[in-house]
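Okay, so subunit A shows up in both of these, paired with subunit B first and subunit C after.
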Partner chain A sequence: MLNPDFVARCKQHRVILAVAFLLIFPLLMPFKAIAVNILIYGLYALGFNMLFGTLGLLSFGHAALFGGGAYACGLAMIRLGLPWWMGIVCAVVIGMALAAIIGAFAIRTRGIYFAMVTMALAQCVYFISDQWVSLTGGENGLRDVTLTKIDLGITTLNFVDPLTRYYVVAFFVAIALFVLSRILASPFGAAMEAVRENEARARACGYDVRATRYLAFILSGGFCGLAGALQALHLSIVPLETLAIANSGLVVMMSLLGGMGTFFGPFVGAGVFLLLENLVSLWTVHWQIFVGAAFVACVLFFPRGIWGTILLGRGR
Partner chain B sequence: MDGITPDLLALQLFTGLALGAIYVLLALGMSLLFGMLTVVNFAHGAFYMLGAYAGILLLGFGVNFWFCLLFAPLLIGGIGMLSERFLIRHLYGRGIDYPLLLTFGLSYIMVETVRIFFGTQGLPFDTPDALQGASDIMIGYFPTYRLFVIGVAILVIAALWLFLERTPYGLIIRAGARDPQIVRILGIDVARVWLVVFGIGTGLAALAGLLAAPLQGASPEMGASILAESFVVTVVGGMGSLVGAVVAGLLVGVVVAMTSLFAPEMAQVAIFALMAIVLLIRPQGFFGRAGLMS
Partner chain C sequence: MSDIILSAQGVGRSFGKFRALSGITADFQKGRLTSIIGPNGAGKSTFFNLLSGAFEPSEGRIIFEGRDITGTPQHEFARLGITKSFQITTVFPQLSVHENVRIALQALVSRYQIWKSRNSLPELADKADALLEVVGLTERRNRAAGTMAHGEQRALEIAMALAADPRLLLLDEPTAGMSPEETKSMMDLILKLASQRTVILVEHKMKLVMGISDRLLVLHHGELLAEGTPDEIRRNETVKRVYLGQREH
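== the complex of A and B ==
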């Protein structure tokens, strides 16, 4: 049995543990590209889960935030000629700005309405990007978001090398993990949980429920925008499908699979999902049917997800 | 603007009503499911798509279009009832998000199954011979098939209204929506009522898909974008309100048709702008109960 003290200490330093894991992670994966994908989608799911897991708001429009970040990064680099790190900054800002706009409407609604309204507004972003060909490339997506070398002053990193690329992405993911962990541990994090657990009581205690939700939505947009930017750099293109409904649904599936409201659950979900997808698509192109079935089974039998079930099994 | 005559506007209005008729059928099903079962059906778009493919399947067996119109919704409604009975039923009382998530997963299975049997490419769907061509509707010539779509929608709305308001079974459904517990105490099997409601709701979605197929063809993905649009209709009309579904469906159809006349590239975005405005002014929608939204 694990020593309870040890477990408690692990919980306290979850970011350090996560970073240590991130360092050895690519060595455990069959190929490096999938490790990068897992990181990016894990971060995306983390940003989503901040809203659903911590606050209980189910958004079906997060593709707009993720895709918005990807487009922002690409556009900043191609159209404005900015360096790649400015592209990432732009992506975080645009992700938050889009979240502020979508949130302004969606936050007026609740529960299932929230899911419907966020989905509809994300679809609106999709169509705008589809029609605004001169800016976004329309259906063809944004091409040539190329980053080959990262100049650090003392040394130059070769971004084309898969392992280097992994550690660059992991660097940003580690920062995001740290920031998110701080947010969740802050009084604001406690306020979010209070709103989820008992809205009326949170309001009676003097918390501004709507402002809490709005701020959380904007912060979530920042994380998803960052994930989108990393995706754009990783793929060198931004396909229009990044903004599609399917991408919104994907992150819901990943979070649910991993475990809603747990810190590492979304990462576990993204990892299992992507590995499963790779495995099943080896012998059939119809992998989506298995994904759908796995998801239905998850909703019916494991609503806590993989990580949530593991935590529960350990009696916590 | 040159070339925009009152007649052209009036014709475009009719085009909008035909499009709106499809939205109405979808939104009626969706509102029915939400109003009675508090289930938000994320597979509604997939049932719509299945309706079109059920039509293709039946036509392939040599069934004529008129029987298709009857059998395709029955078939898909049956599939809807099976999914309610064996999957969704277990989630009642476990929070409103769960049925939503389950139906979302279900839509993946349905779309992929259709891809396996009918291929990933879209299929053409011919307008039935009797409904080809255009008819004179006083202000100009209008495609007969679109008139037919409007006609079917009117018939369905009337039938649904009569069923819910004028039959004992409709009375039970309405009572079950208001207070399932009391209905149960009166000795009525509420689970069976919900099963039937789910069948009707998904059947309506299938009918909408079948009617839309001659206008735009059938493809496995046809349900994905229409799902977001039917959400807009239900939000604008007021969730759970059948009158709202009809009014908002027609309004959204007309808005799309009119924007495609003046600014075609804005047509899709206009729908969502409309929703944003309604949310700002009247968050519960035209006919929604206040407080349900917040």
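== the complex of A and C ==
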């Protein structure tokens, strides 16, 4: 556990620290591609955690929002011939729209039922994408989502260069982090905390619990859609598996690993998970055993997750 | 008729085949402290939950200030001017005491603003401090609400109920589980609040409310058994019979 005074001082400068971290991060990583992946999955986990950590709702269908964003970006570029940045806008909009549809059903339920409804609807999205081959490429995925050059007017960025690609992705992630922290600090953020802490009291105070959850679900969809779009641009392809149930479970695991109760926890969880996956798989194909063991150890001994334990101590 | 703030007209509620409450008709006068009493299982809490909007009556209507509020969603009650404290302590345990009250205040002015900072509403923070002073929790301001003593959490709950500046305050067994000292200071607080607004109090312990209530409603087996001033209730033979043999706590 870090000294609380030190943590408080860091929090005052967290924007600068976060930007500084994003700038030097790729230089610390063994491969630049991992750094990009960590950013993308970190953003996905943060968007997911807006429901999970902030509101206490465990969704098992966020792959539909992440994958929906990825497909939206790819389809906008390939089928509609839109520029890449319009693809990103489409991804955010589609992420929110899918969240609005899934959320309309899911927010009526809670607990395990919420998890089941979100999972079932996400599976629908998966199978639609699988069957609608003419649009999505079916199980081959959506290919040729190519972005090689970004024309900024004064200069042209080479998106194929790993470091440049990292900084382009980091730019969007930084914007998303800023927006997310504004939302959490807003009156609506307070309403979400109230709903998580005690529904009955939140209602008696005058908060519409359902509307609060619904809006949070839609906003969460926007962040996950953006993460999906960045993933599509990064990989130049949208595999069907992006929508698969494993991708929904992955983000739950990342959030728990890093710590759902803190702002950056899910991001740290994504980073640790992906690093373990990449490093362990260098010497054994059974990397999942080790990552799984790390996860179990974390849940058993560090219930606040890695980042939560660093900031707040072990707890409980 | 204008001195009647709330009126229940033939209000009843069934849970499946079980009829918890049937056909209660009662008027609550403005500015008075009315207590709803009765033995265990009399339907007090059910009646309270219908009046406070926690659930809808299966029959009858509820009129607040001349307006039919039957079936109004719970979250609109605070803005109508009706707030409550629960039988089981209901606060936001991980948030600070001050933030608990600030959030209760915020519900009336901002619920869906996502781009403003919550600190941009400084008047709420000041009001929250003023309310903490009313219930005597100023020193607990920065504590996590869940770490306070039971009696203090109940006092916090009252502060949160007062946030909407309600014209009608509903309290469900506010002294449940309290020590004698805590009970005493809670009763003092309730009397202080009752001098400024209408209060309806649900209480199991008859002795507690006899001294402070303007009027009493006695429920028994889901029906209204008697209604009147504390003196009338004390003399009422039927009420005596119902409470007879049952030791008061």
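The working rule: the second predicted complex is superposed on the first by the 302 of 316 C-alpha atoms of A that agree within 3 Å, B and C clash if a C-alpha of one lies under 4 Å from a C-alpha of the other, contacts with A are read in each partner's own complex, and residues count from 1 in each chain.
Convention: a residue touches a chain if its C-beta (ideal position, glycine included) is under 8 Å from a C-beta of that chain, and two chains touch if they have at least 3 such contacts.
Note that the structure is predicted; figures quoted are calculated from it, not measured.
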Touched partner set for A:I289, first subunit B, second subunit C, both or neither: first
Contacts of A:A194 with subunit B and subunit C, given as first, second, both or neither: second
Broader residue contact with subunit A after superposition on the shared chain, subunit B or subunit C: B
Partner chain in contact with A:T262 - subunit B first, subunit C second, else both or neither: neither
Subunit A to subunit C touching residues, read off their complex: 182-183, 185-191, 193-194, 197-198, 200-201, 203-209, 211-212, 215, 219
Residues of subunit B that touch subunit A when the two form their complex: 34, 40, 87, 90-91, 94, 96-98, 100-102, 104-109, 111-113, 115-116, 224-225, 227-228, 231-232, 234-235, 239, 265-266, 268-269, 271-273, 275-276, 279-280, 283, 293-294
Residues on subunit A engaged by subunit B in the complex (per definition of touch): 58, 105, 108-113, 115-117, 119-121, 123-124, 127-128, 130-131, 244-246, 249, 252-253, 256, 286, 288-289, 291-293, 295-296, 298-300, 303
Residue numbers on subunit C that touch subunit A, as the complex places them: 52, 54, 73-79, 83-84, 86, 90-95, 99, 102-104, 106-108, 110-119, 121, 157, 160-161, 163-164
